Amino acid sequence: MNFPRTYFLKDIAKIINGKMIGDAEFPITGINEIHKVEVGDITFVDHPKYYKKALNSLATTIIINKEMEAPKGKALIFSNDPFIAYNKLVAHFSQFEKANQMIHPETEIGVDTHIQPGVFIGKNVKIGKNCLLHANVTINGPALIGDNVIIHSGTVIGGDAFYYQKRENGYNKMISCGRVIIKDNVEIGANCTIDKGVSGDTVIGQGTKLDNLIQIGHDTVIGENCLFASQVGVAGTVTVEDDVILWGQVGVQKGLVIGNGAIVLGQSGIGKSLEGGKVYFGSPTKEATEKMRELVYITRIPEIIEKLKK
Amino acid sequence: MNFPRTYFLKDIAKIINGKMIGDAEFPITGINEIHKVEVGDITFVDHPKYYKKALNSLATTIIINKEMEAPKGKALIFSNDPFIAYNKLVAHFSQFEKANQMIHPETEIGVDTHIQPGVFIGKNVKIGKNCLLHANVTINGPALIGDNVIIHSGTVIGGDAFYYQKRENGYNKMISCGRVIIKDNVEIGANCTIDKGVSGDTVIGQGTKLDNLIQIGHDTVIGENCLFASQVGVAGTVTVEDDVILWGQVGVQKGLVIGNGAIVLGQSGIGKSLEGGKVYFGSPTKEATEKMRELVYITRIPEIIEKLKK
Amino acid sequence: MNFPRTYFLKDIAKIINGKMIGDAEFPITGINEIHKVEVGDITFVDHPKYYKKALNSLATTIIINKEMEAPKGKALIFSNDPFIAYNKLVAHFSQFEKANQMIHPETEIGVDTHIQPGVFIGKNVKIGKNCLLHANVTINGPALIGDNVIIHSGTVIGGDAFYYQKRENGYNKMISCGRVIIKDNVEIGANCTIDKGVSGDTVIGQGTKLDNLIQIGHDTVIGENCLFASQVGVAGTVTVEDDVILWGQVGVQKGLVIGNGAIVLGQSGIGKSLEGGKVYFGSPTKEATEKMRELVYITRIPEIIEKLKK
C-alpha cells in the first residue's frame, strides 16, 4: 500500500511509538509486508532469522526489534514488537470505515454499469463501464474493477487475508490493507470469495472466467483468459499465468506458479509449481499421462502377488 | 426456451440480420442450443464438423455459416457468425431486466409461503405454497419453485451457465436463457449455487435434499429423493437419477449419468457414468469394494519388494 | 434444548397427543435427540433395535412406539410415531419466527460491536462486545457470539442441520432447535456455513480462525486456536480438539474426533478419528510420512514388473 503522500521517519516513528535510527526526514512512501516491498516502503521483521532478508530487501525503512546501525541509504525504527507496530501503522492508514449504507457515496461507477439490489460496496471502490453486479454481491474496498465485468450473486470481493502470526496469546491477525484488482472482461460466478492483498494486490487478469464457489487467496495474481471451474481453491500469493484451465475442485497451495496454458484436471491438488503447456492430474499432481499410467499399474498388484507366489 | 408466440423465418432473420433459406412463413417456436433442441426450435452451428449433426437434429431451423439448400421440411438462416447471431436472438427474447427492488412485483407466490428479509427475486419467478426462503437468498429468474420448498440463506438460484466459446478475442459467453425448476418438498442448504439452463432447464427433483455449499451446473437434472452432502459439485448437463446419495465434496464431471440408488462416498471424483444400485469411491471413482481392495494392495508393495530382493 | 421452564409429563403428553406411562407430575426440563440427552430430557425412539439404548440413556422421559412399563425413575409417552411426536414438540418450543426486519429488535449487541449493512439477525441472538459483522452476513438464531469476533461477508450462521429420516413418503426432516456458539476472538471467513445443533450446540472455540467457504456441520464442537483453511468441510457431531490445523479442502466425516494439535494436509479425507500431535495426509487419511512413502512405492511398480519378467 502506498501512503496518500510521502511521510518522514519522524512521522512514522511517532505513530507507532518507536525509536528512530536514521535521519528524521528520511522519506517513507508506503507500507508492505516483506514479500511485496518496494523502494520507499516500510516493512517489519521480528525474528533474527529474517533480519538479513529484511535489511537487504527493497524496503528502505525497517521496523526491527534489535537496536543496530541502519544499513547505508536506509532507516530503521526500533520497536519491542515490530508485528504490533506494523499492524498499528496499517490500521492508521487504512482504517476500517463503518458503513451505514449499502453503496458508499464516493464509489466511482462507469457508464452503463448496473448494480442490482442488495449489493454492498464499501469505501474506495472504482468500477468501470458496462459492468453488471448481480444481487447480494459484496465488495469491500479498496478495489478496482475494469470494464465489462460481470459478478454473480453472493460473491464477496475484498475479504481480509487469512494471515495470522502465532503468539503466546493465540493467533494475531495481520491487518490487510491491499486491494483487489479485476481487469476488463472478467466474469466471476456466484458465491465466490476473492480476498484482498495483505499489503499488495490480488489480481484477476483480463478475460478470465471463474465459475461458482471459487476461493482466490490474498495477493494471488491470475493471468489473462484463464478458466476455473466450480469449487476451485487457490491459496494466497500464487501466480497463475495466462490461459490456464483448472477443472472443478482443484486446490493450489500458497506461493506456487502455474505456467502458461497448463490444464489441471478435476480434484487435483497442486503442491509444487507447474510448468506451462502440460496437462496434470492427481493429489499430489503429476502429469496426467504419468498419473493415468500409475493408476493402471496399481491394478496390476494382485497379478504381481500371484506371480510371486508361484 | 420457447418463444412467447410462434415467429416466422422472416421475423427471426430480420432480428439477427441473416439471410433466409426457406419459406419466409416457416414457423419457429423456440430457441435451444444443440443438446436441447426440439421440433420447432432454431439452433446454430458454426463448424463444418458439426453441420451434419445440426442439420439432422430435431431443430427445424438452423443458423449456419455456409450457404446450402435447406434439408426437407426445414429452414436455414445464413450468417457469417452463427454464434453471435444465436446470442443476439437469445438476448432479444430474454433480455436481462435491471431490477430496482428486491422482489419483482410480478412474482407469483403461493399461500403460506414466507420470504425472509434480504431475499432477491428477479423477473419470471413462480413459487408454490408453504415454502420458506431464508434471509439473503437470491433467485434470478426464470425459475419455477414447487410447494413445501425450503431454501437456506445465501443460496443463489439461477446464476448464468459457465459456458463460453473460445474465439480470437478470448472467451465469448453463451447467453443463458434456460430455467431452474425446483420440485415439491426439496430442501436446499445455505450458500449453494444452482445455475440456470443454457437454453433448457436445470431441475431438482421432488423430495431431494441438498446440504450447504453445493454447486449444481446448468441443464443438470437431479431425480427424486436424492441426498447430496456438503460441498458436492455437479457440473453441467449431468443426469442424476432417483435415490442417489453423494457424500461430502464429491465431484461429478459434465454430461454423465448417475444411476438410480447409486451411493458415492466422500471426496470421490466421478469421471464416467455410474450404474445404479452400487457403492462407489475414489478419484477417479471405482466400486467401493474394489477401491478398498486396491488401497490394501498398495500397502503390500514394500513386502513385494522385500520378496524380490531375496 | 432446555425448555423455558420445567414442564410435566401430562403437559408434554398433551402437546404431542401421546399416552402417559408414569406419574402425570413427572418433570421434564428439555428435549434432545439421543446423542445429546441429559437428565431431565425427553427424547424419542422408534425402532426396537434402539429401545434399550434410549431406555438406558440419561434421558428421563422417552417417547416410544411400544407400550411397556417405564424403567425405574423414568417416564414414557407412548406414540405410534415417535419421530413425528418429537418433531411436533421441537416445533412447539422453537417455532420459526417470520421476520420482517433485517435485525430482530430483541438482539443483544455488546458495546463497540459494529454491524455492516445487509446483515440479517434472527430471533434469539446475543453478540458480545467489539465484534465486526461484515456486509450480508446471516445469523439465524438461537446463537451466542462472544467478544472480538469477526464474521466476513456472506457467511451463514445457524442454518438447519442436514438431518433426515427416510420414511415411506421420502425424507422427513428432523427439526433443528440447537444453537450456534461462537467463542471470543474467533474469526470466520466469507461465505462459510455453520449449522445449528439438532438439539445441542455447534461450538467454535476461542481464538479459532476459519478461512472462506468452510462448512461446519450440526453439533460439531471445534476447540481453541484451530486454523482451518479455505473450503474445509466438517460434517455433523465431530469433535475437533485444540490447536488443530486443517489445510484447504480437507473433509471430515461425521462423529469423528480429531486430537489436540493434529495437522491435516490439503484435500485429505478423514474417515477415522485421528490421534493428536501428528501430521496426516491422503483420502482416506494416513500419517503423512506413511502416505508419502506409499506414493513413492507406487512409482516403483513398473520396476517390479520388469524384475518379474526377468
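Labels for the chains are A, B and C, by order of writing; each one numbers its residues from 1.
Simple rule for what comes next: a contact is a pair of C-beta atoms (placed from the backbone, for glycine too) under 8 Å apart; a residue touches a chain by one contact, two chains touch by 3 or more.
Note that the structure is a prediction, hence the values are computed from the model and not measured.
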Touch graph of the chains shown: is it line, ring, star, complete or other?
complete
Determine whether chain A and chain B, two copies of the same sequence, contact each other through the same residue numbers or different ones, counting it as same when over half of the numbers at the interface appear on both sides.
different
List the centre-to-centre spacing of chain A and chain B in whole Å, with centres computed as mean CA coordinates.
32
Chain B: which residues touch two or more other chains?
118, 136, 154, 191, 213, 231, 249, 267, 283, 298, 301, 304, 308
So in the complex, the part of chain C that touches chain A is made up of which residues?
114, 116-118, 132, 134-136, 150, 152-154, 185, 187, 189-191, 206-207, 209, 211-213, 224-225, 227, 229-231, 248-249, 266-267, 283, 295, 298-299, 301-302, 304-305, 308
Once bound in the complex, which stretches of chain A touch chain C?
96, 98-102, 118, 120, 122, 136, 138, 140, 154-156, 159-160, 162, 164, 170-171, 173, 191-193, 195, 213, 215, 217, 231, 233, 235, 249, 251, 253, 267, 269, 271, 283-284, 294, 297-298, 300-301, 304, 307-308
